[in-house]
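In the two assemblies presented below, chain A is common to both, partnered first by chain B and then by chain C.
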Partner chain A sequence: MRSLARNLGAALAVAVLVVILSIKLNTFRDYQIAEIAIYVTAIAGLTVLTGLSGQVSLGNGAFMAIGAYTTALVLMHLGWPFFAVLVVAAVVTAIAGAIVGVAAARLHGPYLAGATLMLGVALPSLSSVYPGVFGGDQGLNVVYTTPGFLGPNFPLTRWQAWVCSAVALVTLVLLANLSRSRVGRNWRALRDDEVAAALTGVNVARARVLAFVISATCAGMAGALLAIITELVAPGAFTITLSIALLTGAVIGGLGTLPGAIWGSLVIVLVPVYATDVATSHGLSTTVASNIPVAAYGVVLILVMLIFPQGIQGGVQWLLRLLGISGARLPHEASTADARPSAGETPARPHEKEGTQ
Partner chain B sequence: MVEFLQFTLSGISFGMIYAAIALSLVLIWRGTRLVNFAQGAMAMFTTFIALEVIYHTGSYWAGFVVALAAGIVLGAVTELTVIRPTLGKPELNSVIVTIGLLVLLEGLAGIFYGGQFRSFPTAFSDTGLKAGSTPLGVSRFDVFVAASVLATTLLLAAGFRYTSAGLRMRAAAFNATVARLSGIRVARVITVGWALAAMLGALAGVLVSPSTFLYPNSMDNIFVFGFTAAVIGGLDSPVGAVIGGVLLGVVLNIAGGYLGADVTALIALGILVVVLMIRPAGIFSSARMRRV
Partner chain C sequence: MKRPNRLRVPAIAGIATAALAIAACSSGSSSGSPSSGGSSSAALTASAPGITATTITIGSHQPLTGPAAAGYSEIAPASNAYFAYVNAHGGVYGRKIVYKYLDDGYNPTNTATVVRQLVLQDNVYAVFNGLGTPTHLAVVSFLNAQKVPDVFIASGCDCWNQPTTYPETFGWQIDYIREGKILGQYVAKHFAGKKIGYYYQNDEFGLDGVKGLDMEIPKASVVSRQSYVPTNVNVAPQVAALRASGAQVVVAFSIPAFVALLKLNSLKLGYNPTLVSSNVGSDPITLSGLLETYAKAGGATVNGNQLTQGIISDGYGPAVGDTSNSWIKMFKMVHDQYDAKAPFDGNVLYGLSAAYTFVEAMFKAGRNPTRADLVSAINSGLPQGPSVAPYAYSTTDHAGSTGAYIATINNGVLTQQGPVYVTDPTASGAVTTFTGAEQQAPASGIPAP
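Our next item is the complex of A and B:
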């Protein structure tokens, strides 16, 4: 109960912060807030899947595509209000997640990564195979406006930032609760030792599929939000780069930690923008200026992993402990670092997960 | 029927390139238990170096040799500088480092060479060969592609089987702890594995670039299909990687030829799903117990 109250309090504080920021900052920054919130939603789902249940997915971009296309199609053909559409998108991607989860239940490590990567590559190509439904490479346009009660002069990007942040925060609170519940404990047990988990009565197959369903649902909602902020749903937005960015964000933020999902999203969205600002302000030629952010982003990924093996959240916790505020526990600290020794009776395993043949 | 034969033959040529990438991934997987996502980007980078050399010397073969040498250096340097510190850390860390390297290399290639597509020369004529009057759908260069990957693969296989260095590498891949106890410098073996893998990747880059053009992202798709081939074959099996690569190349080329290029990724997904449903660790996985 106390953790629920604390999570709700933290979410409320962030919500107030977002509202203040979105009013103070300009339209472009509002768009970034929305973008960050979308990544938070998707990465939070992935960090639960990969960090808690131990299943790697390089295909969550595909679930985002499903959510985005569902949103575009429902808005276009049925014209439902957005929150109803969001629910539809979540349900559709949950079903997709269940199908993928069942198919993937026997796969581990790189085999799962390979299968989900191919899913992420293959699924967007459906839009070219059925251009009549999905609009081919041009994609589908999405019409989204501010609700009437805000008056005609309310900036659309500010409203979008609010909607996206609200969804992200609700998702975070729900996932935080879930990961502290029996479901979350089962996932951790399963991640640390599948056989031991099965022996203690965890339904391994069901837990693994459930993790996929939840992760896909989050990605689907993120896709729905992406559809309304970009106002266009096209296959070009859902390349493997997106799926890889999601996993990258989850790991450099701190795998299995929900605050890590926030750090990871901040890095993914802000590092390239910041590097572009620096590059263009130094008057470099366009080819150089447009590629420096890419290279800088690569360097940041490598450095974060070398300096903070537990991700940014691991670094934050280390800093807090150093300052002697270790009593101020962040939510879901019980993750990669803490859960491993406690979750199983088995002694610490060597690192090579696939064993030595 | 002629069409089918043409698709099959040119599929083998493409499949050999997937096989080279798959094999390089297998080499690294066996040594370090990690999938190197930068494999394609490293190959792209060494191919740019080759293009530079060819431009300045006018000799294709100088570029070819320099590309392979650059691959060896790049692979070894990568392992020593950024990969080694991540081993023994949470296992996805090293994967993210390779993703970081992928992004970095593509960014650097963009800075140095820009984003435009560059054509890359071939070693031999790329006009189609004919049997009598029927075109075979492959050129002399395609034959060279298949032959050079096959030759490299066989050389590597022979090296692994018949040399003491190869024995050390197999021992290190089989059981690192025992290998270390019997006096093998496992760390050095891993570095050599990375160097050889990057050399194979460089070979694939030089061979595929005439047909895909060369640009910072040009190896992305090749990497995805190479990875798929390695997964189909089983990441522990070099033979599986080659067979998986050729199988994927042929099936995708036939499917793409008859049904259009849009479906190739879907077909690849289909093959992957079917194979992994039946054998969750690839066709050539040895039946082994998961940790108990």
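Our next item is the complex of A and C:
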């Protein structure tokens, strides 16, 4: 109960911060806030799946596509209000997640990665197979406007930032609650040792499918939000690159931690934009400048992984511990988070050192 | 044990970051920021977003990386080279043009993001020459809702010509329906009685082209219609179907990569029809480069120039190989001075010509233009400049060039054959020979105000 109150408090604080930022900053920054919130929603779902239940997915971009196309089709043909559409998108992707989850629950490691990879590659191509319904490569246009009560001069991007952030925060609070509950404990047990978990009475298959359903639902909602901010749903947005970006965000932020989903999203959205600005403002030749964002993104990923193997959230916790603010984390989390890297570090590092010198 | 490790890694990190920062700064001298405004800035005001007393800032979305980057990534730097030339010679009424083009990787979702950045954050005056049909479709309604001039799109989709729905949007190159009609008329006349096959990209680009072809080529002589999607590079089934249908002439509305794939797959089957390709897919330098690369990847060696020999296509600007043409001379001079690293090919010429048209429109928009002034300047018509046929621009027509000539690839150079034809995008409109005169390039290289 205490942790729920704390999570709600934190979410409320972030919500106030988002509202203030969205008013203070320009309308393009609002658009970026919305983009970040979308990534947070999708990555939070993935980090729960991979970090807690131990299943990897390279196909969450495809679930985003399902959510986005559902949104576009419902808005186009039925014209429902967005929050109703969001619920429909969540339900449809949850069903898709359940179907994939049932198959995925039988697979492990590279086989699971391969199966989800196939989903990520193949599903968006359906739009080219049925261009009449999905609009082919050009996709479907989405019309989304600010609600009337805000007046005609309210910036659309600010409203989009609010909607996306609200969905992201609600998702984070629910996931935080879930991961502390019996369900979350079951996932951790099954991630660490499936046989032991089964022996203690965890229904392994059900827990694994449930993790997939929740992860897919989050991705579906993120896809619905993406549809209304870009006002377009096209297969080009849901390539395998997106699925990999989501996994990258989860890992770089700190796998299995929800604050990590926020750090990861910030890196994914802001680093390329910042690098482009730096590259173009220095008058580099086009061939160099156009590749700098990609290179900078790569460098940031390598650096974060080198310095903080536990992701940015791991780094933040290390920093807090260094400053003596250890109360920021719970003791049992500390023990599980630290046990493995330090155990692996001690024997590995000396060898490495010998090798390099 | 632990401490040195922890120190070592941040040290590496620090050095790497510093190196990147230095690399980013090292060549920070050229272009970009405008220096001292120059003469007679007395009456110049900040008359619109993106316009200051000394600068005009415009933006664009371009495929600088990704699948469409080959060839097309040369276009924006070429436009920028022409703007640099204009800036060095007095600018537009003394204002310098600042051209900010961002990479969208030919992905419509990225286009949505970068165009919002240009409009909402960088406050560009206009979006110029945004490249691609699927990409630009993602932002056309956004730009019109924001009332940002959306000029000279680098795509021949007929969809840009909707002045009532999209009053801010203007095409530039000949639209694919007109181009299809001109190619179709040539094919119907020169290959009468032969079996004809179509090979096209399954989107607005290919479908518009086919629409134009069907207006001129008798339905009965078309024996096979094969389409592809750009995400699937296996076109062997399509080529086999064309061969099985016995098509003696294949008309392609496809991007360069898929013309190359068509050619190589035909070669493999020993199938050798006469190839007719729309201008989009027929730049000889791009095409022969792709042919050689793909063949190499497949373990074979081919001569690109030999394979492209005799391909029939069309052109709507001066032919690159026509060194006596005044436009080619003028653009070559600008290119050699400001963009010498890029090859002087069809893509570069395209970027230079589009930039010339934009400067023409800016002069016409007046000394202190609003965004609406630019739109009405184009609505009242533009001189044809380097284009071989007049532009269609009026308040009721936002299509670009109205005509083209037939050309063949000869020794790696696209060479004009016969006169320039003009037409309209309707089924009833005839394809006629253009009787007006071509314009000469201005001696100064800058359009007259």
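Just so we're on the same page, the second predicted complex is superposed on the first by the 330 of 357 C-alpha atoms of A that agree within 3 Å, B and C clash if a C-alpha of one lies under 4 Å from a C-alpha of the other, contacts with A are read in each partner's own complex, and residues count from 1 in each chain.
Convention: contacts are C-beta pairs under 8 Å (C-beta built on N, C-alpha and C of every residue); 3 or more make two chains touch, one makes a residue touch a chain.
None of these values were measured; they are calculated from a predicted model.
The superposition on chain A brings chain B into a clash with chain C.
With both structures placed on the common chain, the touch criterion links A:S128 to chain B and to chain C. By the touch criterion stated above, A:N141 is placed in contact with chain C alone, chain B being left untouched.
In the superposition on chain A, contact of A:I244 is made with chain B only, not with chain C. In the superposition on chain A, contact of A:V294 is made with both chain B and chain C. Look at A:N177: by the touch rule set out above, it reaches neither chain B nor chain C.
Of the two partner chains placed by superposition, only chain B is touched by A:I252; chain C is not. With both structures placed on the common chain, the touch criterion links A:E231 to chain C but leaves chain B unconnected. In the superposition on chain A, A:T50 contacts chain B only, with no contact to chain C. Once both structures are laid onto chain A, the chain B stretch out of 77-85, 113-121, 167-175 or 221-229 that overlaps chain C is 113-121.
For the contact definition in use here, the residues of chain A common to its chain B contact set and its chain C contact set are 125, 128, 287, 290-296, 299, 306, 349. Interface residues of chain B facing chain A in the complex, by the touch rule stated above, are 29, 33, 35, 37, 82, 85-97, 99-108, 110-111, 114-115, 174-177, 216, 220, 224, 227-228, 230-231, 235-236, 262-263, 265-266, 268-269, 272-273, 276-277, 280-282, 286, 288, 290-292. Note for the complex: chain A touches chain B at residues 50, 56, 103, 106-108, 110-111, 113-115, 117-119, 121-122, 125-126, 128-129, 193-195, 240, 244, 247-248, 251-252, 255, 287-288, 290-302, 305-306, 309-310, 336, 349, 351-357. Looking at the complex, you find that chain C touches chain A at residues 1-2, 5, 9-10, 12-13, 16-17, 20, 24-25, 27-33, 64-65, 73, 76-77, 100, 102-103, 106-109, 112-113, 116-117, 119-121, 133-134, 137-138, 141-142, 202-204, 229-232, 341.
The part of chain A that touches chain C in the complex is made up of residues 26-29, 31, 35, 125, 128, 131, 136-139, 141, 157, 226, 229-232, 234-237, 239, 273, 276, 278-287, 290-296, 299, 303, 306-307, 345-346, 349-350.
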